[in-house]
Each structure stands twice: as structure tokens, then as C-alpha cells.
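Next up, some structures in C-alpha cells.
Presented sequentially are two complexes of chain A, the first with chain B as partner and the second with chain C.
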Partner chain A sequence: MDVVVCLKQVVDPELPVRDFAVDPGTQRQVREGRPLVISTYDENALEVALQLKDASGAKVKVLTLGPAAAVSEAIRLALAMGADEAIVVDDPRAPELSGAEKACTLAAAIRRIGSADLILTGCESADWAERVVAPLLAEDLGAACVTFVSRVEAGDGAPVVRRLVEDGYHLVEVRLPAVLSVTSDESNRPRLPKVKDIMAAKRKPVQTWSPADLTRSSARDPGAGVEVRGVVVPERTSRCEFLTGEPAEQVTALAQRLRDQKLL
Partner chain B sequence: MDPLVPTREIYWNIPAFGVVIMYLLAAASVAVFGHGVYQHFRMWRRGQPVDRLTPIWPRLRSVLLHVAAHGRLLAERVPGIYHLALFWGFAFLLVGTMVVFVQADLRLPIMRGSFYLYFQSLALDLMGAAATAGVAAAMVMRYVFKSPRLRRGILSDGVILWFLGAILLTGFLVEGLRIAGTRDPWGPWSPVGYQISVLSGVVEMSSTAIRGSHAVLWWVHFVLSMVFVAYIPRSKLFHLLLAPVNVYLRPLSDVGSPRLVDFEKVERFGAFAFSELTWKDLFDLDVCTECGRCTAACPANTTGKLLSPMEVVLDLRDEMARTGGVSGPVLAGGVVQAEALWGCTTCLACMEACPVFIEHVPKIVEMRRYLAMEEAVVPDLMGEALRSLEARGHPFRGAGIARTAWTAGIDVKSLPRGEAAEWLLWVGCAAALNERNHSTLRALVRVLHAAGVDLAILGDEETCTGDPARAMGNEYLFQTLARQTIETLDRYAVKKIVTACPHCYNTFKHTYPQMGGRYEVWHHAQLLAHLVETGRIAPTEPMDSIVAFHDPCYLGRHNGEYAAPRRVLRAIPGVRAVEMSRCRENGFCCGAGGGLYWSEDRTGQRINHARTDQAVASGAQIVATACPFCMLMIEDGVAARETVVRPLDVAELLDRSIGGSR
Partner chain C sequence: MAVQLSDEHRMIQAMVREFATRELLPIAADLDQHSRFPREAVERAAELGLMGMTVPEDYGGAGMEPLAYVVAQEELARACAGFQTIVTVNNSLVCEPILRWGSEAQKQRYLPELASGRKLGCYCLTEPSSGSDAMSLRTTAVLRDGEWRLSGTKIFVTNGAEADLCLVYARSEPEAGARGLSAFLVEKPFPGASVGKIEKKLGIRCSSTTEIVLDDCRVPEGNLLGERGQGGRIALATLDGGRIGIAAQALGIARACLEETAAYVQQRQQFGRPIGEFQAVRWALADMATRLEAARLLTYRAAALRGQGLPCTGEAAMAKLFASETAMWAAHKAVQLFGGYGYTQDYPVERYFRDAKITEIYEGTSEIQRLVISRHLLARS
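== the complex of A and B ==
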């Protein structure tokens, strides 16, 4: 089985609040000088793919879209964890693209890869959380689509996937090719790379493609219809008030304040 | 024989052919003994090289202190004293036997005159009696008091003790019968033997009976002794021979640290097989006396975890004996269970307690390395800490605060801002990224500024020294982080470092020099003590509190620094110092070392809760410490136990006493 995992590199979601900033020109998060990591659920998607590799010898390729210089760390980690091969679509504009535009480029890249039975993505990215890439990819590729998948069991027949829902899960049989968006559970906690694999990862093949080399489906303009008008960092304010008077008065005042706030 | 010169007849009542048989038996026994030693020697030789032979003098001093004077053994009074009696008793008897050999075989007449009377008769008899008392005490300890730490070898110990007892007893009987049989005029110089000869007179033994029983007992004594010698390398008795050597080979500094891995050279990381431990590690295994002191001191074991440092050593030892140290199952996770390996806080309590200086921790870490680097299987929380270290240069997943958040409201120089200073204040992730420790850092800076110390920080350019990765067995990640840190420090030409974290301190002091990073490093407690003692800080405001100091393992046992923080406390007026039941060399870990800050500590009692109970029991109002990890653990313990004991860093206490803000 050939598995392609789409990985997105994002600014570390655990960044101190102080370092979070929005570029007013692009309306995107400032990336310069911030640590970049693989988006959280994408790591779970990679883990699911690697478990398929361990269980049934699937071949795992990781695909990422971004400025090639910046994504090398993420690619190296993915290869060290056990992916066989990596493809980088080198697009310096990638961080500014919408989910739909990205899906269009990724679909073109997957078509160029040729064989892809399963395409895995994280169920949402750690920065924009649009959740559109998986369904749009499926549409573009004419593949089946299951979202919020936590496990995949590939037997002799069609794979059976576990789709998490509130208070339980669905077991769904999918025909291939299929696009699965992956969420996390205790079974797909991303593995640590072995040191030997970290060293070997340096020798694994990484292809870099230019978006110009890809043939996008021309049915429609993926960028149309959605435009980001503004992004703001929520402001957190705190206020401190000293109650004056005798203790008894203070207590009454305090009780009143709490009642006003509907806390009492 | 001149009747006026005191001596005795050797081989009285033993015919010449008996002497020949005796020598044949002795030769056989020595051969069997030698073969046994050689078998072990072959196993030790499979280990990796490590230099432990020099320097000679400090090592010999150690042998004097801990073998001849029983330094560490006496840490437990009663067993220490009876072992001392056993040790010196048998040492004298061995010398006595050599004297006989010199006289009888080398034909050098030394066994005569006052030497004969004072040494060969009186002293040997008394030392024999001491040894007998020692054997008896050892038996009482095991079979009457049933000392819990001595359960492991309870049967084989019995065999050994009865053996020793029988050898001593038959020795005395043979002596007594000889004195009676030869009517030895110097007999009273051997008080025990003489009493036996008197007794033989009381029961009116005929001279034939004396001769007969003497002959039988002489052979029994001799054969027992020879079997004993042959048995030595095949039992824990081997420590008779190996323990003094192991004391000589002890680590002299950087105790308990694992080796630096050369990733260019090594093919497999960590201890899969015996050949991946050092020869000293393998030698260690055969030295163990099964005394159980290490396990009794171990905070993991005493709070109900699977880990027992003694079992780690003995399981490895037995496996090495079974396989000849050649192949066999994987050590890490096979011979020693992974759960046990991950339970170790690397606190060194075991190593400090071990009377024969066995090094448990380097072996444990070496086995962790196999799990962490070859199998990449580590406990979940540790795995997350490792991933965070890799991605963000600190192990605190989800910290979400800036490294410089603690500086809000105080003015600290910063090297990246181009402000040079004499000292670098190395903050450490545990302090910078956990709000509880911010007040420690602020207090420290206030005190240092008050003393006129010129310092700067690295701010956002500081990254983890790598200590947690190293303790968790991921040496590769450790070295990556360490190289990065050394590069940063060298970029700013840092020469003097003061740090508020004992883990960082230990890494700078011992590990970085091996990687080319050499700096003058002080732990903040040391610098504070120095400033107080040189009068640059004058604590004046009285604290009026009962304070117990909790020794951080990486300041105390790892670096031998017990005094400095106590000196700081003593300088604060109104502080009444008390000690917890376990303190200083015998201090009890907070539970965070060895990367176990990132563990759930679910089995048995939590280590930090146990430590908090000890603090409460000491009657202290304040637990002072000098480590950001200890601080977090004790805060957690105090909250869980709902006690009024408050943990404070020595810097915070000193700050209050010089009138710093609360």
C-alpha cells in the first residue's frame, strides 16, 4: 500500500503569548525567529501511516508545502520517525495560502506522485484550523473521504478505519483511494525517532518540486470566495479594585460585586 | 627446641605423610580458587575500557579509610562494628597462617620469642575470639532480628556463616587439644585455647583421646579451610578479595555520571550486552555483598517502586555468571525490567550507601540509553519532554511563557543586548519556565546586585543544557543541546557562570569540559555563602523560623556540596536549623532527578510526598532548598499533604534577611 502523509509546518503552538504577532501586511502570523514544528495532528497522521508500515509494509511518503529552506527540520524529523521518502513543494508563499489553495496544490502533487492508496492529513492545522484540506483533496482526487480518524486497520480487503465521534467511534470500511483526516488518541501518539534513524534520515531521498511543475485541476479557482480581512490577537485585561471601609462594609461590598458578576 | 625460647611445635600429632597430603590438598584448593578467579577475569575483560588505576595515592587513602577503617561500613553502627571484628579477626588469622608457612616451609625461624607470645599466641587468640563474636552477631542479625535488608542471600549466608563458625571453632579446639597434649608451657598466652585445654583436663580426657580427637579436628579444620578458599570466587565471599580492589577503583570525581558516547565510533547505543558496559561495571557485579544497603536507601524502592538497586546488580551478576558474559538476552528491558530502569531518580543514595563502592547509576543510565536510543521507547511523559527539548530547547511541554518573564520589574543585564558582565547568571529552564521559581530568581538577582556582583543573563538565547535528556538516556539529544549551549557561551566569551540549578551546575562542571566547554562554575548557594562570609552581604533582619535544608541530589551527593547552603542559613539571624531524618550524604531525593520530574509516579507512595512527611516530622517550619526541581516537587508535596511547612530557596531566605521585597 502506498501512503502519502501531508505535513504542515506551523509556528510552535506553545509559543509564549508575548511572541505571538500578526503581520498587518499579510494578515498572517509572524514566523520569523519563531520555532517551527510539525502541526500537532499531522504528527498523529504520520504515526498512523508508520503503524501501517510496521504492520503491513506500507510505503510512506511525506508531502509538504512550504518554503523549502524552512521545512527541512520537519522533513528530517518525519524521515527519522520512519517515513521512506519526502517531497517538498517549494512555495515561499505557502504560509499565506488558504486551505483551499493548499489543497489544490497538494492534490496536484499527489497526482504527480502517481500511486497513492491512502492520503492522510491532520484533522486540522494548529494555526488556522480550517479543516478543509482533507475533504477538498478527496474531491479533487476523486477519492473517498473519512474525517476524524484515529486508527486504520488494513487487512486483506478494504481498510477499516475508526472514526472518533463524541462518546464513541464509528467503524468505517473505505474503498481506496481514500483521504483520511486524523485526530489523536492514545493509539497514535507520535513515536520518538531512534538515533540510528535520525542518522539514516540524512540519506533518505527528498525531492523538491516547484509549484510551476504541477498541473492543478482547472475546474475552478480555489482562492475564490474566501478572503481574510483581519486577524487580531485577543486582548486580555485584568482590573484590580480595592474595597474600602470597615471590614463589615468591605464584606457587604464584596458580596455585592460578586452578585453583580453573577458569581454568587 | 630450646625450652626457654617461647614457640610451639608445628604439625604436632600430624605424621609426615599427612603433611604431604595437606600440601596436595592446599595446592588443589588454590588451583580451584585460581580457576574461579580466572573465569571471572575473562568476563570482566569483555567490558569497555575505562581508566581507574591512577592516581595511586588518593586511591590508596580510600582503601585505608573504607577497608582498613571500615569508613562506610560503619555508617550503620552495629553491623559495621561486627563486620570490623570479622574482618580484622580473619585478617590476623590469615597472617598467623602465613607465619606458620614461613617458619615451616621457608625454614625462617620467626615464630619464636615475644613475637610468638604476643602476636602468634595472644593477639591471634583474641582476634579469633573477635571473629567468632562477629560471626555470631551476623547470625543473630539475620535469624533472630531478621533484618529486612538482609533477606536476599538468607540461605547462602547461612552456609557461609556456619562455615566460618566451624573453621573458628575447630581452630580453637585443635589449639586447645595441642596445648593439653604437649603440656605447652606457653599455653596460657593463648587464652581461649588454654581454657579448652583446661576443660579437657576437667573431663579427664586420656592422652590417646586427646591425640585422636586432635587429629580428626585438625583435618576437619584444614579441609574446611581449603574448601572455603575454593568456594570464595563462587559466592559472595568473593568480596573478600574484590572489595578492597573496588574501593581502590572507585570514581574519584563526577561520581555516578554515565560515560560520554562517541557517536562516530559506537555502533549500538547503550547496554544491550555485557560487552557494552565497562570492565569496571562488570567487575562491580562480582563485588556485591548482597548487604541490601543500597536498596534500603533507595527512595524509589522505599516508596514501593519496582526498582531495587541491589536486584539490578544481582540480576546482572547472575546473568553474567550464567552466560559467561558472552551473549544471552538483552540487558535493558530483559535482564533488568524497563519499569525498574525508568524508576531511578539518579539520586546516588544507593552508591553513597554501598560499602564496596558499586556504581549502580551509570549502569542504569547505560541501559536506559539502549531503550531511549535503540528502541526509542520511553515512558510517555518523558517522551513528550524529549520531543519538546528537540523542538523548543526546553523540556517543559506546554509552558507557554517566555524565558525572560521572571525579569519583569527588575533590571538585569542581558548578553544578547550587548551588555557585558563578569558573571553569567545561567537561569535554567526549570526556574525560568515555572512561575513558582521566578521569585527565587528575582531574590537571587536582588541579593547579588546588593553585593555588587556584576551579572548578565542570556535571556531568550539560553537553551537547555541537556541534563534531562542525558538522564533519560538520550545521549544523542544531550550532545546536540550541549554543543549548542557551548557554542552560545563561547560566542559571548563567557568565563564565569553562576547558576540556580544544580543540574545545570553539574553539567557545566563535569560534562561540558569533556566536550571542550570549560568555565568557572558556581552554584548560587556557593556564591551566596562566599558573599556572606566575605562580608559583602549582611543579613540583618531576623527570620525567627525553624529551617531544615533539603539537599538537592545534584548539589549534595553528585558534587559533595552540603556545607555552602547551610552556611548561608546559619548566617541569617533567627534561623534555627534542624535536620530531617535523612540529610546530607543520606539525603532523600525529591523525586524529580533522573528525568523523573516527567513521570507520573503512580506506583506506591509518591517520592515527594514521602519527603514532605519527613520535613513535617523534623519540626521545621521552612524547608530550604537550592534547586528549582526540588522546589516544584516539595511545593507539590506540601499542597498534597496540606501542611503549613513552606519551601523556600536559600536565596529567597537571604533576600528577606537583607530586606529585599517579599
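== the complex of A and C ==
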């Protein structure tokens, strides 16, 4: 089985709030000088792919959209964790593209890769959280799509995936090729790379393609539909209110406040 | 001499930090309180390649150079200094000398076992009457009927309770001092080898520290490490690498002190403001950070020299001396800034304080490091 995992490199979501900033010109998060990491759910997607490799010898390729210089660490980590090879689509504009535009380019890259039975993405990116890439990829590639997948079992027949839903999960048999968006659960906690695999990662193949090398689908205009007019950092304020009266009155008032806030 | 971390170093650093955060930090206080050996975490560290970091891949190791080793050791010690002790002894004091002085057969037999974590090593040099004056040790080794017979008692052996393989120094030749010593690879099941007293310690309590008793212990002739009479040289050269590992441990402890204290002083309110707003507190943090950085540069430099195969005895001694005294100083400051809370087990700084002390003592006390450094200075002039 050939598996392609789409990885996005984002500013570390665990960065202190004081280091978060928005560029007023591009209306995008400032990335310069900030540590970049693989987007959280994309790491879960990679782990699911590597478990397929462990269980049934699947070949795992990782695919990411540039700028090439900025994604090298994510690629190296993915290769150290166990991916077999990597493809970078070197696009300096990548951080500014919408999810729809990215999906269009990624679909073109997957067509160029040729063999892809399963295409895995995170269920949402840690920065924009649009949740559109997987469904749009599936549409573009004419593939099946299952979202919020936590596990994949590939036996002799069609793979069966576990799709998390409220209060439980669905077991879904998928036809191939399929695009799966992966969420986290205890079974797909990303593995740590071994020291020798970190060293071996630099000997694994990494191809760099230009967006100009790719044939994008003409079925739809990826730029249409959404325009980001502005991005604002929410202002967090806190207010302290002292409730007065007898303890019973205070409890009643507190319960009312919590109901008003829809916390009860 | 500028030392830069490579991409690989940073990846190893990130991996070990994640391992330490996931698997050591949550259990470190419990391991300390119950003096419990962290067997599962050691197995996990071995899977990741941390038990034989500088052992070549041909012998089952990770094939890294000393600078990568130092970076990893700091991360382990930042989470749990006792755990790092277990790891550094196996790497620096057992794998390294086998790699450097072992026969091909010895390397094939022992290194894959040690690097994979299937076997654990310990280092038996100190005796009741020979600590800093290690070359005066009295354990004897006599070759009889194609076997070595070792007799004596070793003390303060890290990993002594759990270790499968003991690197033992004994007096095999009539010459006094270093030239009379030989090194032996003693497997625990060899007849006559046993674990004696298990010490109760101030710090690094999840690693065992024991006596190893050799009662006419029978060791195959092929388990002599290096040449007859080469033991003193092996012991001293091995300690260069060992001291770099202890310097890295001290860096980890000092960093833990700095990070915990920096967080605490921003939330601890006194006189209507966080105590981190007081200049006296800020200056203490600045001094902690500055000394830590200086210690790290010394340690990186010693590791880089060792990685290039250059002499580094003086540099390793400087790194160990300065880093260990920095760890103790930083732990003292941390407890002081935490005040009464710092004296309790509700916060980790009292553990750092206890753990830090050993770095000034083992693998050569601070006094011995100063002796080594001054010898090098005078020899050069």
C-alpha cells in the first residue's frame, strides 16, 4: 500500500502568547524568529501511516508545501520518525495561501506522485483550523473521504477506519484511493525518533518540486470563495465580582451567574 | 573555539527533551522518594538509542559523537538527575572503555547487549581506603590456571544492584600505583562476585549505589580489558569522558533550578507584586543564567575536543568543576528564592539541591579537578 501524508509546518502552538503576532500587511501570523513544528494533527496522521508501515509494510511518503528552506526541519523529523521519502513543493507564498489553494496544489502533487492508495492529513491545522484540505483533496482526486479518523486497519480487503463521532465511533470500510483526515487518540500518539534514525534521515530521498512543475485541476478556481479581510488577536479581560449576602444567597446568586454564562 | 549545534544535535535534543518530559518528569519525585530504579524508562531509553549513544552502529549503538551525547544528557538530567546517572555510567564508564580498549571479541560480546539495554554496566574503581587516591587501590588479581582470581571490595558503585557487567580495576602487577593495575570485565554471575551493602543516599536516589564484593572471583583470562598493567591508564582516560557526562548532568540540574525559579518568581506575590519584580531576585536569576551558559560552553568545548580525538583532560576537568559548582550554587539560590516552600517536597527544588551535591563529588571531587587543571597548567608552562 502506498500512503501519502500531507504535513504542514506551523509556528509552535505552544509558544507563549506574548510571542504571537499578526503581520498587518499580509494578515498572517508572523513566522520569522518563531520555532516551527509539524502541525499537531498532521503528526497523528504520520503516526497512523507509520503504524500501517509497521503492520503491513506500507510505503510512506510525506508531502509538504514550502517554502523549502522553512520546511526542512519538519521533513527531517518525519523521515527520522520513519517515513520513507519526502516531497517538498517549494512555494514561498505557501503560508499566505488559503486552504482551498493549498488543497489544489497538493492534489496536483499527489497526481504527479502517481501511486497513492491512502492520503492522510491532520483533521485541522494548528494555525488556521479550516478543516477543508482533506475534503477538497478528495474532491479534486475523485477519491473517497472520511474525516476525523483515529485508526486504520488494513487487512487483505478494503481498509476499515475508525471515525470518531460524539459518544463513540463509526467503523467505515473505505474504497481506495481514499483521503482520511486524522484526529488524535491514545492509539496514534506520535512516536519519538530513535537517535540512529535521526542520523539516517539525512540519507533518505527528498525531492523538491516547483508549483510550476504541477498540473493543477482546472475543474474549479481555488482562489475563489474566501477572502480574509482581517485577523485580530482576541483581547482577554477578566473581571472579579464579589457576591454579598448570606451564604445561601451567595450560592443562589453564583448559580444564576453560572447559568447566565451557560456554564451550568 | 566556537561550538555550534548541528541540525542533528537539535533534533536529538528535541527528542530527548520530549522523552524526558513524557516519561521522566511525571515520575521523578516518586522515584526519588522511594529510591526506585526506573526499569521501564531505562528500557525505553535503550529503544531510543540512549544507552549506547557513542557506540558505533556496527556494535548496536547510535554512533553519535560526544557533543550529541552531552546535549542528550543535559535533557535527561533536567528531568531526573538520578536517571541520567544510570545512563551516563553505562555510556561513559562502561561502553566507552570497551570500545577503546576492548578486543574485537569483547566488543562483539558486550557492546550490543549494553547499547540495547539488555545488559547494564557499572564501574568499580573506588574502595574503602582509595577514593581520590584511586591508584592506591588494593583489590588483587592473580592469574592462575588460565583464570584471573579477583579479591577485594569495591564501594560507591553506581548501578551496582542492577548491573550485569562490572568493569573492575585490580592490582595484578607488583608495581605500586597506576602501573600495577589491570582492568577486567566481570559478569555478575561469575563465581565469587556479589552485591554487598546498598547505600542510602542524599540524592540521585533512583540509581543504586552499592558495594561489589569480589571473593576469589573467577574471571576468564579473555576478560582482561586492554593489556596487563594498563588499568591505571584506562581508568584515568575513561574519567575524561565520564567527567564530561557529569558536567552535562550538572547543566541539567542547574537549568532545572533556573527554569523552576523563573516560573515561580513570576507568580509568587509578596508586598503586592510578583517577587520577580524585585531587583535582588532578578539579579540572582541573571547570575544563574550567566553561569549556566558559561558552564554549557565549557562542557560543549570539552565534548567537541573529545569528538575530534584531541586531548581534553584539562578541559573536561574545567567543565566538570565549573558545571558542578554552578549546579550547587544554582540549587542553593533556587531553594532560597522559593523560601519555606523550597524546603518542602511540594516543590522540586529541594530534590535539585540534594541531587546537585553529588556532581561536586563523584568522578573526581572539585578538589581533584583543580589538581588536574593545575597540573596541566604547570606542565604547559
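Criterion: the second predicted complex is superposed on the first by the 237 of 264 C-alpha atoms of A that agree within 3 Å, B and C clash if a C-alpha of one lies under 4 Å from a C-alpha of the other, contacts with A are read in each partner's own complex, and residues count from 1 in each chain.
In this section, a residue touches a chain if its C-beta (ideal position, glycine included) is under 8 Å from a C-beta of that chain, and two chains touch if they have at least 3 such contacts.
No experiment lies behind these values; they were computed from the predicted model shown.
K.L.:
Chain A superposed: clash or fit between chain B and chain C?
P.N.:
After superposition on chain A, chain B vs chain C: clash.
K.L.:
According to the stated criteria, A:202 is in contact with first (chain B), second (chain C), both, or neither; which is it?
P.N.:
second
K.L.:
Considering only touches as defined above, state whether A:76 meets chain B (first), chain C (second), both or neither.
P.N.:
In the superposition, A:76 touches chain C alone.
K.L.:
Quick one: chain B or chain C, who's touching more of chain A?
P.N.:
Here the partner covering more residues of chain A is B.
K.L.:
Applying the touch criterion given at the start, work out whether A:15 contacts chain B, chain C, both or neither, answering first, second, both or neither.
P.N.:
first
K.L.:
Look at A:50 in the shared chain and tell me whether it touches chain B only, chain C only, both, or neither; answer first, second, both or neither.
P.N.:
It touches nothing on chain B or chain C.
K.L.:
Looking at the overlay, what does A:5 touch: chain B (first), chain C (second), both, or neither?
P.N.:
After superposing on A, A:5 lies clear of both chain B and chain C.
K.L.:
Looking at the overlay, does A:192 come into contact with chain B only (first), chain C only (second), both, or neither?
P.N.:
A:192: touches chain B and chain C.
K.L.:
I need the one stretch of chain B that runs into chain C once the two models are overlaid. Options are 23-31, 149-157, 221-229 or 239-247.
P.N.:
Clashes with chain C appear only in stretch 239-247.
K.L.:
Under the contact rule defined above, give the chain A residues that sit at the interface with chain B and also at the interface with chain C.
P.N.:
Common interface on chain A, chain B vs chain C: 77, 192-196, 198.
K.L.:
Over in the complex, which chain A residues touch chain C? Could you list them?
P.N.:
Within the complex, chain A touches chain C at residues 72-73, 76-77, 80, 192-196, 198-199, 201-202.
K.L.:
For the complex, which residues does chain B have touching chain A?
P.N.:
263, 269, 372-378, 380, 383, 386-388, 390-393, 397-402, 405, 474, 476
K.L.:
Once bound in the complex, which stretches of chain C touch chain A?
P.N.:
Per the touch definition, chain C meets chain A at residues 7-8, 11-12, 15, 18-19, 47-50, 53, 57, 61-64, 68, 72.
K.L.:
What part of chain A is in contact with chain B in the complex they form?
P.N.:
Interface residues on the chain A side: 12, 14-19, 35, 37, 77, 189-198.
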